[in-house]
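In the two complexes that follow, chain A is the common piece, with chain B as its partner first and chain C second.
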Partner chain A sequence: MRVEDLVRGVLEGKRRPLARLITMIENEDPQASEALRLLYRHTGRAHIIGITGPPGSGKSTLVTRMTAEYRRRGRTVGIVAVDPSSPFSGGALLGDRIRMQEHSLDEGVFVRSMGTRGHLGGIARATSDVVRAIDASGKDVIIVETVGAGQSEVEIIDIAHTVVVVDVPGSGDDIQAIKAGIMEIADIFVVNKMDLPGADRKVSEINAMLDLDQKMGEWRPPVLLTNGRTGEGVPELVDKIDEHMVFLRESGLLEEKGLQRSRDELHQIMEYRLTRELLQHLRGRPEYERAIKMIAQRHDDPYSVAQRLIAEFLVELSRSGGGDEDGG
Partner chain B sequence: MRVEDLVRGVLEGKRRPLARLITMIENEDPQASEALRLLYRHTGRAHIIGITGPPGSGKSTLVTRMTAEYRRRGRTVGIVAVDPSSPFSGGALLGDRIRMQEHSLDEGVFVRSMGTRGHLGGIARATSDVVRAIDASGKDVIIVETVGAGQSEVEIIDIAHTVVVVDVPGSGDDIQAIKAGIMEIADIFVVNKMDLPGADRKVSEINAMLDLDQKMGEWRPPVLLTNGRTGEGVPELVDKIDEHMVFLRESGLLEEKGLQRSRDELHQIMEYRLTRELLQHLRGRPEYERAIKMIAQRHDDPYSVAQRLIAEFLVELSRSGGGDEDGG
Partner chain C sequence: MSPSRKIRVLIAKPGLDGHDRGAKVVARALRDAGMEVIYTGLRQTPEMIVRAAIDESVDVIGLSILSGAHMALFPRVMELLRKEGADDILVIGGGIIPEDDIPELKKHGIAEIFGPGTPLDEIVDYIRKHVKV
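Up next is the complex of A and B:
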C-alpha cells in the first residue's frame, strides 16, 4: 500500500489502515515517518487523557467504563494501553482482546496495546506517534493507560492534556511514593473500588496531601470516588475531565503546553537528523574507527574525542560549502 | 572542592569524594562531566554484574550475600541499586541503610541507591556514569541491581558484563514474560529461595526454555539454586560469574562489547553536543520562535521544519568559516 493511500485511509477514520500504520510505527518502518509527516496537520484535535496508577487499581476496567460513557455522549474513543513490563505488543494482551470484543462492532472505538520494544525512550516516542496517528484518524478522546511502574507516569505528562491518577482504598504505605512521584502530575485523583473499606479515608488523605502542596496553581485536582465494576462515579469523572479541558483552554495553558510540546518535538527530530548527518560523515573513516579503539582501550576519553570529531565535521562542512542535504 | 581534588580522592578509593561525585552526577552538575572525563582513563577494570528479576525474588539479600563472598575472596565491591519506581535517591532506601550498616566499617564496600529522577533515559545515563565513577575508584566488582520492571532489565545489558536473572520457585505464570523479555539477556539464571517447594521444577522449566532457544551462542547460561537467607549456593554463583568473565575474555566478546560500548557512548556524547551547538545557534531568533508557533498551530510539521533549520544551520556555518567551538 502506498503511503498516500494509507494516509487517506487513516484520515477517513478507517480501522484497518490505522492499525497498519501503528504496526509500522512499532517496527520503525521508514514509511511511518513519512505518513506521520503527512498526517501532522490533521492532528491536535483530540483530548488526550493519561490514566495511571499502581497495578491492581482497576485502571483497565475503569477505562472500559469511561469509554462506554464517552460513547453514550456521542464521542469517539481511542485507547492506547502501554505496559512497559510486557513483552507483548500489537493488541495481543488478554484484557485487550476482551475489551476489543466489547467494542469490536463499534467503529467509534479503537484499542491498541503496546508492550516493550527495546528501550523505554523508544516506547515513549512510539506511544507519542501512535497517539498522533489515532488523533489524525479523528477520535475525539484518546486514553493512554500506563501501568504505574514509576517512569511511564512521568512520561505520560508529555503526551496527555489531562492526567488521571487512580488509587484504591487501603494501600496506605504508598502514600509517600504517590506524594513524591505522581502527585505533581495528577490533574484528577480517582479512588477506585469505592466499595472497599477505607475509601473515604483515602480521599481525605489525598486531600490532606494536596493541602500541603505549595506548588499548586489555579487548578486544584479534585479527588473522586469510582467503582469501575458497577460504573458508579464514572459520569462524574468524565465531567471533571471535560472541565479540566475547559480550564486548560481558558487559562491559556493549552496553548502554552502545545508550544512546549512542539518545541520539544522539533528538538528531538533535529537531534536525530543532525546526528545522522554526522554519522554518515564519519562512517567508514579509518580515523573514526581508530578513535573508538582508543576510547575502548582507555588511551582517550569519549568526551574529548566527541569534541574533536564535531569540530572537524563542522570545519569540513564549511570547506565543502555547506551541508550535504542531497548527497547523503 | 576543586574538580582535580575530587578526582584525586576518587582515584585514591576514598568513600566521601566518590559519594560526592555521585551526588553531582545525579544533580547533573556540569563539574561532574569534567570529573568523569578526567576519570575515564582509569576505568574499565571492574567486573560489572547486573542482577535483575521480579520484585520479591530476594535480589537484595542475595546481593548482600554475594558481597560477603567477594570480600571473603579479598575483592572490593561496589553496589548500585537502581529502582526506577522509587522517588527516593541517594542511599535513603531502608534496605540500603541496613546493608550500609552491615558493611559500614568496611572501606572495601560502597553502596548506593538510585531512584527515579525525571525520565528513564536520564536514569540509564546516570547509572552508567555512577558505575564508571565507582569503577575509577578501584572496586574490583560492581553489582548493579535493578527491580524487574521490564525496561531496566533491558538497559542493564548496556552496562553489565554479566547479567544474572533471579527467579523464585512457583511464579509459573511469569514464564512467558521471562521467555520473551529477559531470557535473551541472561548470562546466568538463579532460582533463589531454593528451600521453597518447586525449586527443582523451576530449574527444569528454565532449562527446557534454554533448550528451545535457537539463538544461543557458545555460552549456555547455567541455572543455579541459591538461598539468599542462608547463603547456600552463593559461592557457586560467584564461581560461575568469574567463569563467565573468563569466557568473555577468551572468546573475544569482552573486547567486542567494549568497542560497541565505546561507539555507543561516543555517539551519545556527539549527539548531545552537536544538538547543543544547533540550539545555541537558534536560540532567540525570531524565525525559530515563529516556526515553533507554526508547528503548534498545525500550519507546518516538525519534520519539514527540522530539515529546513538544519540545512540553514549548516549553510550558515559554512559561510562563517567553521564551527563556533570558541564562540559559544
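Up next is the complex of A and C:
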C-alpha cells in the first residue's frame, strides 16, 4: 500500500489503515515516519488521558468503564494498552484487551495492545507516535494504559494531558513506592475497589500527602473513589477529567505544555539526526580510527578531539549545503 | 523487514466453551518464543475475534475449542475474515477436534489443527515457518 493511500485511510477514520500504520510504527518501518510526517498537522485534537498505577489495581477495568461513559456522552475513544515485553524472549502476553472486548464491536472505539519491547518508563518507545496516529484518525479521547507502574514508570506524563493514578485500599507499603514517583505525576487520584475495606482511609492518606506538597500549583489533584466492577464513581471521574482539560485551557497551561513538548521533541529529533549523520560521516575513516588510537594512548584527549571533529563536520556540511535527505 | 519486527498472534476462545487451559498454555509458549500474544479471554463471538484481529494487525489467529462447536464457529470466522478482506491472516486451531472433521475445516481455510498432547515446539515451529516475515 502506498503511503499516501495509507494516510488517506487513516484520516478517513478507517480501522485497517490505522492498524497497519501502527504496526509499521512499532516495527520502525521507514515508511511510518513518512506517514507521520504527513499526518502531523492533523493531530493535536484528541484529549489524551494516561491511566497508571500498580499491577492489578483495576486499570483495564476502569478504562472499559470510562469508555462506556464517553460513548454515552457521544465521544469516540481510542485505547492504547501497554504491557511489558519479556526481557528474555522479547515476546509479550498482552492481556489488557480481555477486559475491553465488550467494546470490540463498537465502530466508535479502537483498541490496540502494545508490548514495551525493551523500553522502560511504563510505555513503549513507539507509544507516543501510535497515539498520534490514532489522534489523526479522529478519535475524541485517547486513553493510554501504562504497564503496572512503580516509581520510574512516569513517561506517560510526556504524552498525556491528564494523568490518572489508580490505587487500591490497603497496600499500605506501596504508598511509599508511589510517593517517590507516580504520585507526583497525578492530575487525578482514583482509589479503585472502593468495595474493599480501607478505601476511605486510603483517600485520607493521599489527601494528607497532598497537604504536604509544596510544589502544588493551582490544580489540586482530586481524590475519587470508584468501583470498576459496578462502574460506581466513573461518571464523576469522567467529569473531573473534563474539568482538568478546561483548567488546562483556561490557565494557559495547555498552550505552555504544547510549546514545551514541541521544543523537547524537536530537540530530540535534531540531536538524534545530527548524531546519526556525524557518525555516518566518520565511520570507517582512517583519520577517525587514528584519533581514537591517539586518545587511548594518551597522546590526545577525547574533549579536544570531539570538538575538532564536530567543527570539521559542520564546515563540510555547510559547504555541501546540508546532509542527505531521507525524510525521517 | 526491519529487525524489530515481531510476530503478533491473537489467541481466541470462540463460543461458550470454558476450557481455557490449553489456550493459556499455548499463549505462554508463543510469548516465550518471542511473539506478541494478544489473549482476548473466553466467550468470544466470531465477529469479536475478527475485529480484534484487524485492530491488532495480527499475523496469526489461534482458535482454541474443546466443546465440540468447532464445525459451526471456525468456518464462520473464516467467512468474516474473507468479508473483511483479511484472509491473508494465518488461522490455526486446537483443542478437542475429531480427525474426521479436519479435512472439512481445512477446506474452509483453517491452515492446521493441533490436538491434545501436541508438543508446544511444534506449534511454535509451524507459526515461524508459515508467517511471511
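Everything below uses one rule, namely that the second predicted complex is superposed on the first by the 259 of 328 C-alpha atoms of A that agree within 3 Å, B and C clash if a C-alpha of one lies under 4 Å from a C-alpha of the other, contacts with A are read in each partner's own complex, and residues count from 1 in each chain.
Everything below uses one rule, namely that a contact is a pair of C-beta atoms (placed from the backbone, for glycine too) under 8 Å apart; a residue touches a chain by one contact, two chains touch by 3 or more.
In this text, all values refer to a predicted model and were calculated from it rather than measured experimentally.
Of the two partner chains placed around the shared chain by superposition, chain B is the only one that A:R261 touches, whereas chain C remains out of contact.
Judged by the touch definition given at the top, the superposed model places A:I22 against chain C, while chain B stays out of reach. Once the two complexes are overlaid on the shared chain, A:I269 sits against chain B while remaining clear of chain C.
By the touch criterion stated above, A:A311 is placed in contact with chain B alone, chain C being left untouched.
Of the two partner chains, neither chain B nor chain C is touched by A:P221. Of the two partner chains, chain B is the only one that A:K293 touches; chain C does not reach it.
Put simply, chain A uses residues 85-86, 88 to touch chain B in one complex and chain C in the other. Note for the complex: chain B touches chain A at residues 33, 36-37, 40-44, 84-88, 116, 118-121, 123-124, 148-151, 154-155, 176-177, 180-181, 255, 258-259, 261-263, 265-267, 269-271, 273-275, 277-279, 291-293, 295-296, 298-307, 309-311, 313-315, 317-323, 325.
Chain A contributes residues 15-16, 19-20, 22-23, 26-29, 85-86, 88-95, 97-99, 101, 104-105, 110-113, 115, 117 to its touches with chain C in the complex. Chain C contributes residues 1-2, 4-6, 8, 27-28, 30-41, 44, 47-48, 51-52, 54-57, 84-86 to its touches with chain A in the complex.
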